[in-house]
Amino acid sequence: MNMHLVIFSVISAVLISCALGVVISRNIVHSALFLLFALISVAGIYLVLLTEFLAIVQLLIYGGAIVIVILFALMLTRNEEYPRIQNNKLWPIAGILSVLVLITLSVSYFQSDVIRNASTTISPAGVKSLGSSLFTTWAIPFELASLVLLVALIGAIVIARSDKGGN
Amino acid sequence: MLELIHFNILSVLLFSVGLYGVLARKSAILIIMAIELMLNAVNINFIAAAAFKHGGGLFTNFDGHILTIFIITIAAAEVGLALALILRIFRNKSTVNVDQFDMMKL
Amino acid sequence: MAVDCEAMNDFYNIMAFAIIALPLITSLGFMVVPNLASRTCWLISSIVSLVTFGISVLLFVSYDTMIGGTQFGFTVPWLSQGINITFGLGLTGISASMVLLNGIVLLGACLISTDIETRGRDFYVLLLALGGGVFGVFLSSDLFFFFLFYELAVLPMYLLIAVWGSSTNFGSFNRSKEYGAMKLMMVLVAASVLIWIGIIAIYVETYMNGTPTFVFDELRILSESGLFSSGFQNWVFLCFMIGFGVLSGLWPFHTWSPDGHVAAPTGVSMLHAGVLMKLGAFGIIQIGIVILPLGAQTWMPLLMVLGIVNVIYGAVSAMSQTDLKYIIGYSSVSHMGYVLIGAATLNSIGLSGAVLQMFSHGIMTALMFVLVGAIYHRAHTRDIYVLNGLIKTMPHICVLFIIAGFASLGLPGLSGFIAEFLIFLGVIKISLWIAALAVLGAALTAVYILRLIARTIVGPVDPKLENLPDANKYEKIVSVAFASILIAVGVWPALLLDSINVGISSIMSVL
Amino acid sequence: MIEGSNNLLLLTPEFVLAGLALLVFTADLIIPEGKKEWVGRIAVVGLIGLLFVTASTVMGITQPVYNNFLLVDHYSFVFKMIFITVGIITILMSEEFVKTNLTSQGEYYGLVLLAILGMNILVQSQEFLTAYISLELLSFCLYVLVGYSKFNPKSNEAAIKYIIFGTFSSAILLYGLSMVYSVVGSTLYSDIAQVLSTSGFMDPVAMLGITFIMIGIAFKLGIVPFHSWIPDVYEGAPIPVTAYLAIGAKIAAFAFLARVVIGVMLPAEELWSSWKIIFAILAISTMVIGNGIAIVQTKVKRMLAYSSIGHSGVLLSGIVVFGSTNGIVLESLGYYLVGYAVTSFAVFSAITAVTYNNNIELIKDFAGLSDEKPLLSASIAIGLFSLAGLPLFVGFTIKFYLFSSISIGGYLWLAGIAVLASLVSLYYYLIMIKSMYVDVPEQERAHADITVRWPMWIVIILSILMTIALGIYPDPLVNQLNEISDLLK
């Protein structure tokens, strides 16, 4: 057994079970914690893919920011409904649909020559080349992304600020 | 041996779980969490493709990684905005369940 | 001389354009100028329609029957790129008389609409748009603008009926004006969907041939060169036949027509029954038969049968009605049946009978609506069991009503006789049985017209109706003018038949 | 990889627009409370200037920018002009509404500007990541704008629904993109098209990836069966924002879809021949369901929302004939979009004026409007007649033109269904018109307190005039649009 494969399998198992925990758990705080672990496992997957930089980014932004923001929101909107979150009435259909998507996509991956004939060596991505590529080739999307963040910032302030008015 | 398809299948699993979460859950916050799972599935796919196929064919740079960075950025912004909205709704209505937003029926 | 001739043509071109543009521009002007009183609008509209009437007479008189064909025609590019549409006008022998008809009826409709008080401005905006649209249909020389003006003529009807119309309430029989308006609008636009599909199908066919065009004359040449296969012609002509047929009250799609007539205010009823229904028959004759002659030959037996059903069914329905306006509404359905039969004969006598019938029925039915409107305006009822002995109280209205009724049942000396006689002659060539049924229809018309006259006009006076005033001066002017046109055409049919025959003969050349 | 500075000059309109947005945000800090409409007026003046800047810098130029990520061409030029104009009109018609109904008035205008920037980049992008990020820029602005009347629970709810649907559809789109990327290894349209058009290439992952991308775009455009968010969001949003969604965002999403179809699918003939059928089915179901459900609506905004779904179906049926005819269809789609925009503004601006200081939302509440506010109701009536495709108005000509070009492409039956669908739409528009012109209001002078200020008059009169003028004399506009059809030749 290849060492990489073992590590990969373990992380994947943790990832998928945590992900299932997110969507199945009845307690929303548990879901948020499961999400945190799932996101950390994704960082592990990135490490297996020899992408340390992105693993760090994943930990910082997803683990450090997004989950914290979610927990923050949960605290602020403390709600007695949280420990007994219900499913949609249509959840069996949702389940069937997801399984169908799962099967279709998996079959297509197995059927695809291009995917199966891919090389088996993982090439590491250097942070330096990543950086230079980000600021040269991808400069325009980068600028745009900064505007997106600006909009999100302004929007969050506009929406959440409690000022005069109201009903 | 680790192959590209392993990562693809992992990503499919994660995507389907996220999809189930979006479709089956009621709470807006939970739906957003499930969407985050879907976006992570996307990222795994991108990085795996870039890592395995780097150097061959049209793959001459780090597109996959770059795409992932952007997606993470946008996702973070999206969560921030969505949670601000949820906070606002909670202040106005004291609920965050999507199916209790029922003012707008026919 | 050549220069003069060109200059003259320019003048007529401008006139042809002006007759369409003048009502539409006035209509837009009413919309823009604030605070116009109803009375001012009425005055302006009447003047405008008087001018258009003058132009229509001018165009009719100047149409040279020795030359024939399309006259006063001009074309300018309208969309130079893409699907390439041109704006063109032209007058044929048939449209000359139709333009004249619309000029007369529009003037009459404007003049008698003195009783519109609420939102008068909006009323004249829509009425003039309707009139302009109808002129456009008769004058345009390409399919796109034909269709544009056709829809434009239908568009104002909804509001005209729904806002200024009147609901029918007979206790057991209720029809609200909104119902009538909505039914009319939806049925007519649904029918125009078929026409639209037909037009686009023809365009696609020419496009595939490498000569994309909407222009009638070019389409006619393409048709003569055999571009349209007979299978294609069959289905497209069916679209046209039903689409246009609906507007001319073709059975079984006629039910919108009486409901619409009844709900509409008088001026609108006049235009509607007098002119609008003619658009359909005009479309069948001028577009259907000319561009798709093979299709016409295939479907004409069906059209003839439906036309005879129209005649008989319309007459029988009219006999069973007690509402004056419904009687006239169903009689319109019946009379339009003659037009359809005449068109279906595909021979020159029948066709010219059909066109003459269109003109004659247009004037006659408009006259009847003026008179019924006047009666209703005074007596506030249209029930023939309530109205009695009107000739004592309203002699003017009643005498003219009798003239119109006699024209309707085809009394010699009035225009209806010539038209129906020509149609019978045309039909006899095709089938004696149909001709016999058509004559039977005329007999049924006599029954309900005479019953109507016997019930409402002659007989003892109802004391409640004793003190009603007679027609006012505008109603007098309009009704006398219309009645004299009926008599004039009846006595001297060549007045119209000359130009109609020129138009028909050019149609006959494609058959 | 960066080419000469010449390239950057072609992005001048975008830089100016971004600068203008920042200027507006700054102006908001300086201008005191109560005079915030001047923020909007600065934005309008800036946008009018931007129209000239755009025309003078990029008109008539066809040139790729920045590693082919963006393409400056006539198509993008035309759409940029449309978006800027839509922005100007939206700001003008928002002014009074924002002043009376919203807090944080200054930021509103800045967000409208940044949304235009997103649309501008979206139509000229030739690469999926750039397209995605500009789409997100647009969407983020719209999320905030939809939730802008933040003390109105409906608006909050609409915003959260919109953001959830928007993010979900982005996730689907991105997953599709990741699948395509795993096969192709690039996100440039041209690279993807090159791989897909290799004869006999039918990789299942790539095919599913394209499908997911299309589902994502279909969500954004509101194609049946992905339309369920549209009525709720349109209803909950402040009404000028509804107009912006129904006009600006819809045109942008459509322009993006057309770009993707032209750039990615058309070169792959086998792929396109099967996708055509899917598009035709989607178009029909969208037209039928959108117009069908609109009939039973009692609220004006929901009726307009379903009608706008119906219009998406018509637009989609135009895409079906891509490739099977020469460029006429693209030109007619452009004309359709412009006509749809001016017509919708005639409707939306008048409805905004009617509703901004009372909470009218039902169709029957409009009863008696024509007596009290004749011009407003005329504007709505003209707009609705035009949307239904009746003549003298632009609605007739655009429909005739579009359906003719669809028929030329061999889809006469599809055009026939589209015409029938617009017949259905006429029915529910007539119900609205009847309410305004015929029905008797429940209370006397229900609309007496409507006051309309000059920016709104400008919008209303301009849109009525354009609705009529573009219907009567479309030649100059169509000549302008004619050049975009080169894309399909």
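Going by the order they are written in, the chains are A, B, C and D; count residues from 1 in each one.
Basically, a residue touches a chain if its C-beta (ideal position, glycine included) is under 8 Å from a C-beta of that chain, and two chains touch if they have at least 3 such contacts.
Remember, predicted model here, so these are calculated numbers, not experimental data.
Colleague: Measuring between Cα centroids, which chain is at the maximum distance from chain D?
Modeller: For chain D, the chain whose C-alpha mean is farthest off is C.
Colleague: What chain is most central when centres are computed from CA atoms?
Modeller: Smallest centre-to-centre distance to the global C-alpha mean: chain D.
Colleague: If you tally contacting C-beta pairs, which comes out ahead, A-B or A-D? Let me know.
Modeller: A-B
Colleague: Centroid of chain A to centroid of chain D, CA atoms only: how many Å?
Modeller: So the centroids are 31 Å from each other.
Colleague: How many angstrom lie between the centres of chain A and chain B, each centre taken as the mean Cα position?
Modeller: Those two chain centres are 5 Å apart.
Colleague: Which whole number of Å gives the spacing of the CA centres of chain C and chain D?
Modeller: Whole-Å distance between the two chain centres: 42.
Colleague: So the centre of each chain is just the mean of its C-alpha atoms; given that, what is the distance between chain B and chain C in Å?
Modeller: It comes to 65 Å between the two C-alpha centres.
Colleague: Of all residues in chain D, which are in touch with two or more distinct other chains?
Modeller: In chain D, 129, 133, 136, 140, 143-144, 147, 150-151, 159, 179, 182 touch at least two other chains.
Colleague: At least two partner chains per residue is the criterion; list those residues in chain C.
Modeller: As it turns out, chain C has no residue touching two or more other chains.
Colleague: Could you say which residues in chain A touch two or more other chains, in rising order?
Modeller: 105, 109, 115, 137-138, 141, 145, 148, 151-152, 155, 159, 167
Colleague: What chain pairs are in touch here?
Modeller: A-B, A-D, B-D, C-D
Colleague: Give every residue of chain D touching chain A within the complex, in rising order.
Modeller: Chain D reaches chain A through residues 1-2, 18, 25, 66-67, 69-70, 103-104, 107, 110-111, 114, 117-118, 121, 129-130, 133-134, 136-137, 140-141, 143-144, 147-148, 150-151, 159, 179, 182-183, 203-208.
Colleague: Taking the touch rule as given, give the residues of chain A at its contact with chain D in the complex, in rising order.
Modeller: 104-105, 107-109, 111-115, 136-141, 144-145, 147-148, 150-152, 154-155, 158-159, 161, 163-167
Colleague: In the complex of these two chains, what residues of chain B are touching chain D?
Modeller: It is residues 4, 8, 11, 15, 18, 22, 28, 31-32, 35, 38-39, 41-42, 45-46, 48-49, 53, 56-59, 63-64, 66-67, 70-71, 74, 77-78, 81-82, 85-86, 88-89, 92-93, 98, 101, 103-104, 106 of chain B that touch chain D.
Colleague: Along chain C, where are the residues that touch chain D in the complex?
Modeller: 24, 28, 31, 77-83, 119, 122, 129, 144, 147-149, 151-152, 155, 158-159, 162-163, 178, 182, 185-186, 189-190, 193, 196-197, 200-201, 203-204, 207
Colleague: Please give the residue numbers of chain D that touch chain B in the complex, ascending.
Modeller: Contact set of chain D toward chain B: 129, 132-133, 136, 140, 143-144, 147, 150-151, 153-154, 156-161, 163-164, 167-168, 170-172, 174-175, 177-179, 181-182, 184-187, 191, 195, 231-232, 235-236, 296-298, 302.
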